[in-house]
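Going in written order, the chains are labelled A, B, C and D, and every chain counts its residues from 1.
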């Protein structure tokens, strides 16, 4: 029976809460809370992607597009029109959902590699639009001067404040997603993954559920994009290219895509590997990254979250 | 079980952080740099990193700065805005450097301007856009930010004024879709009317395209007097080769200043002959007249770089040379005091660098005019030559 | 005429199913009376599973009409048909292998319950209540099919006989009026076959109509009220078991073929 | 200046498109060979092309081996890389689901790319054209002799593959694996060996594509990913598993890009090709020549 235990979640929440203080006392990791903000932003996307790919079994290689839509909607509306960032965030999510429906309705009828290519193509097209529509998007030089976030006069202007904002949202999304997974809708999604024929024979409206979960993942990605734009105060298209979509895929594959935990572990790992730990290898960085990915794929088919299961297996023997 | 896992993850964080964390060094001047050493803009960051390391090495071998060693901390942002920002923050908050060089790309430089402004640290960008140093809202220069490369508008002016001299009025432009190409395109379009130039065709291509025959075919159809190509990397060579293959050599060909590496002449396999390009001094040391103010530094830089790395100098490496030497001059004069370094840089005059003689002021944090910064170069017998 | 005696729950009229040039069903006509077990037999490739797919909406027929309780369903989608009250099992057991036995049945409850994606995300009180209802209903079904003590096991770990039973249970959880069982006894040993046959009879006792495709003639003859024989997409015979057993067309169709036609 | 009419331009677009498309088609054929045997989309396929180009540059332009010698050696070396890919990245996977296999090929492509950067650096390399660079004028269009080599090698590849699959026992065995691996292994065909062979074959084809295209467009270490994506687009457009589909898909993509760049907007030319691809998929979910029935029995 799929039941998600509460203790690890509480433990993880505590860890997130106290981490900035731990990091603050050790100079060598003083910048880690800053990295954790990005890890959190990626977690939002991978949580949605985990539901879409790991649970419902639908591949998306265009998730960076929704991330970009959120970021660009936020940036354009705040910079060119001076609207409130929170309002823009919501508009971003609405536009992302509308695009997700538009793309999802025809795409999600496709299967396997065809779906992968369709979403990949969608992602590339959106990237080209970001790059070409200079008047709105600033082209490759991007948009700068995006305002930060504030709520009732409280400014999220330090790393610490933004850290808690992002991780609060990550937890909200995490809990929401876990609740969905344990509900009727979650069962329907998992059922679709295994057999569309059997699911629809049980009365599951397969295409509706696929689109719903696609929209959900798009909304989370869009939210992440807005948070990114308002934190960095700058965006440019290369952040949202297809290699980022592949990086997201790598995140949930490394972490393990059959559990939402995997999305979080993967986002963490890839963020720290690529922003910090692998710098050590300089020119070999890329190769080491590839080798880690390959080793995990070979030896940990269920990703890093599969390790406890493997260890348990040893003990049982 | 999961708690245990979290514990392991947390321990990993701490452990790796401590091991990889930078060693504390005493009695040094720390200068930070953020270059796009790998990734989509490695053609910028790679020579920049090599140049900066070389210059720092030379300085330390010669006894350092006022007896103190120069410690250069270089981070690779891989052309990614997030990494670039994180690296700059890390240089400021953790490495506590005196000044920062880079980033290599315009967009990424613009992205970190607010951080430099807020943290009050001098930042000498190695990217071209005027937006890096100019606050578009007020028209003023950002207090803490400088840049050493010529603005793209300068290259466009150099090209257009040469055209004017040659009596060329009808042209076609073909540009890359990267930041470099797009910025050049907008300057070319903006400045054309001032020089009485009509743009008959405006084409572009992606950074990984394998063939631009289609775009050039269209240009051939409109029969311009000259073509300006503005891009970077191997594609600018492919354009040239396609142009030659299409038998368009009766049309004058201008390359942007991104063409400034001899490797490009080689790769063009003869197709570069007769091509005009505006270049900074460091790209063409041998073509410079003996009395040229930059002759000495350019020749020396080329000799040392080629000697050390066994590859020709790229003009982009010259930006790192300029940026680092400016900062070193400042350190020599005022020591590691961020505010004093800034003031020193803002008042620096007559600095003969690789890309021009810099004269900074409160109204000009770039310190260059195009007549000084660019020489119009033509490719003759497989080598650079002054165009006039 | 007496309504109750002749009420047809399912009517198939002039149904044609063509895949490209291949005719899988040719002008098929038949009815199923409410509350009976109707078996469909025929050699491999006769179109039995195709017929199930047409009835349950996997794909629409090329021509013809299918009516369920007098309502046309031939253009409806599979999940809509499930909602109307037709459920099915699959020849190649299609359990949700990533779930427990109980969860499989809970998916079956899907169509008779409502709770939105958003409401479940926030785990609103009504969602909790409904979740408890679904669970207890699923447990009832498990009790009926006799798998209560394996409810927490992975569906994947069950022996084939239990998987077939579970698939029937999952179909029952949709509260159907008509169940289409595709070879419920295939691959089972004698005891398992007997258990399946008993279960089918008990389902009939609940008043649920059953459409059955089966190769095991002993089972078919034992439990069916009526039998229809398909060959190459055409109906070649229809009637009570005794009639079919003595129909020479049927014997011919099976000639040299199945030994289990004894 | 000589007359350069609109018709001439159109013809030029066509020639250019077919040349670029031929490269995509060769990548797509490589995808198909592996897909048919394993159902894997090998995203490292583009790296074979890159390796083909760079190794050829090293052997021919740097080490000075004659073309006729350097060509086969390059193909053999890249084939070895293909075999290594299968042995080191694909076969060791313990629970191969299609997604893990895709990730494995991504990992492999990252490693190959990183190694290539380490060996050759980040600069592009040139290769002399096989038969000079004097362009040929034909119907008003200008054609590089190298174009003929690219298109020619595509044709030769297709002929050889057809002969291989239809006339040789090994080829027939591979087709059998593609149709039904279980049955094939029952018939005594060593499926593992066939997978190794499929990787070798598609690596060889990738190498040929790389060797022939480098004189036109130069080659550098990170060209592979984009070529893989274009080839993936071609194979999906044509229909997974279909060899005529791969060729058609590649040529169509190349031609749309060329006409799109010439006639509409060069900035959006890649977008046009992808929009056409999406439109085709929405109306024909299994591609132009893909079979719906076959795609249903495939797991992925």
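Worth pointing out:
Basically, a contact is a pair of C-beta atoms (placed from the backbone, for glycine too) under 8 Å apart; a residue touches a chain by one contact, two chains touch by 3 or more.
Please read these numbers as outputs of a predicted model, since none were measured by experiment.
Shared contacts of subunit B and subunit D, meaning chains that touch the two of them, come down to A.
If you take subunit A and subunit D together, the chains in touch with both are B.
Chain centres defined as mean CA positions place A nearest to the mean of all protein CA atoms. Chain centres were defined as the mean of their Cα atoms; on that basis the chain farthest from subunit B turns out to be C. Centre-to-centre separation between subunit C and subunit D, using Cα means, comes to 47 Å. Measuring from the averaged C-alpha position of subunit A to that of subunit C gives a distance of 41 Å.
Averaged C-alpha coordinates put the centre of subunit A at 34 Å from the centre of subunit B.
Taking each chain's centre as the average of its CA atoms, subunit B and subunit C sit 71 Å apart. Of all residues in subunit A, those touching 2 or more other chains are 131-132, 283, 285-286, listed in ascending order.
With touch defined as above, residues shared between interfaces to two or more other chains in subunit B number as follows: 38, 177. In subunit C, no residue reaches two or more other chains under the touch definition. Viewed as a network of touching protein chains, the structure does not reduce to a path, ring, star or complete graph. Interchain contacts (touch definition given at top) occur between A-B, A-C, A-D, B-D. Per the touch definition, subunit D reaches subunit A in the complex via residues 35, 41, 89, 92-95, 97-100, 102-104, 106-111, 113-115, 117-118, 225, 229, 232-233, 236, 240, 267-268, 270-271, 274-275, 277-278, 281-282, 285-287, 295, 298-300. Within the complex, the subunit C residues that touch subunit A are 56-58, 77-79, 82-83, 87-88, 90, 94-100, 102-103, 106-113, 115-117, 120-123, 127, 130-131, 134, 152, 170-171, 173-174. On the subunit B side of its complex with subunit A, the touching residues are 1-6, 9-10, 13-14, 16-18, 20-22, 38, 40, 75-76, 79-83, 85-86, 89-90, 93-94, 106-108, 110-111, 113-114, 129, 131, 177-179, 182-183, 186.
In the complex of the two chains, the subunit A residues touching subunit B come out as 5, 7-8, 11-12, 15, 22, 26-32, 34-35, 38, 131-132, 134, 139-142, 144-145, 228, 232-236, 238-239, 261, 265, 268, 272, 274-277, 279-280, 282-283, 285-286, 305, 307-308, 312. Considering their complex, residues 1, 4, 6, 9, 12-13, 15-17, 19-20, 23, 117, 122-126, 128, 133, 135, 137, 142, 144, 213, 216-218, 220, 223, 226, 257-259, 261-263, 266-267, 269-270 of subunit D touch subunit B.
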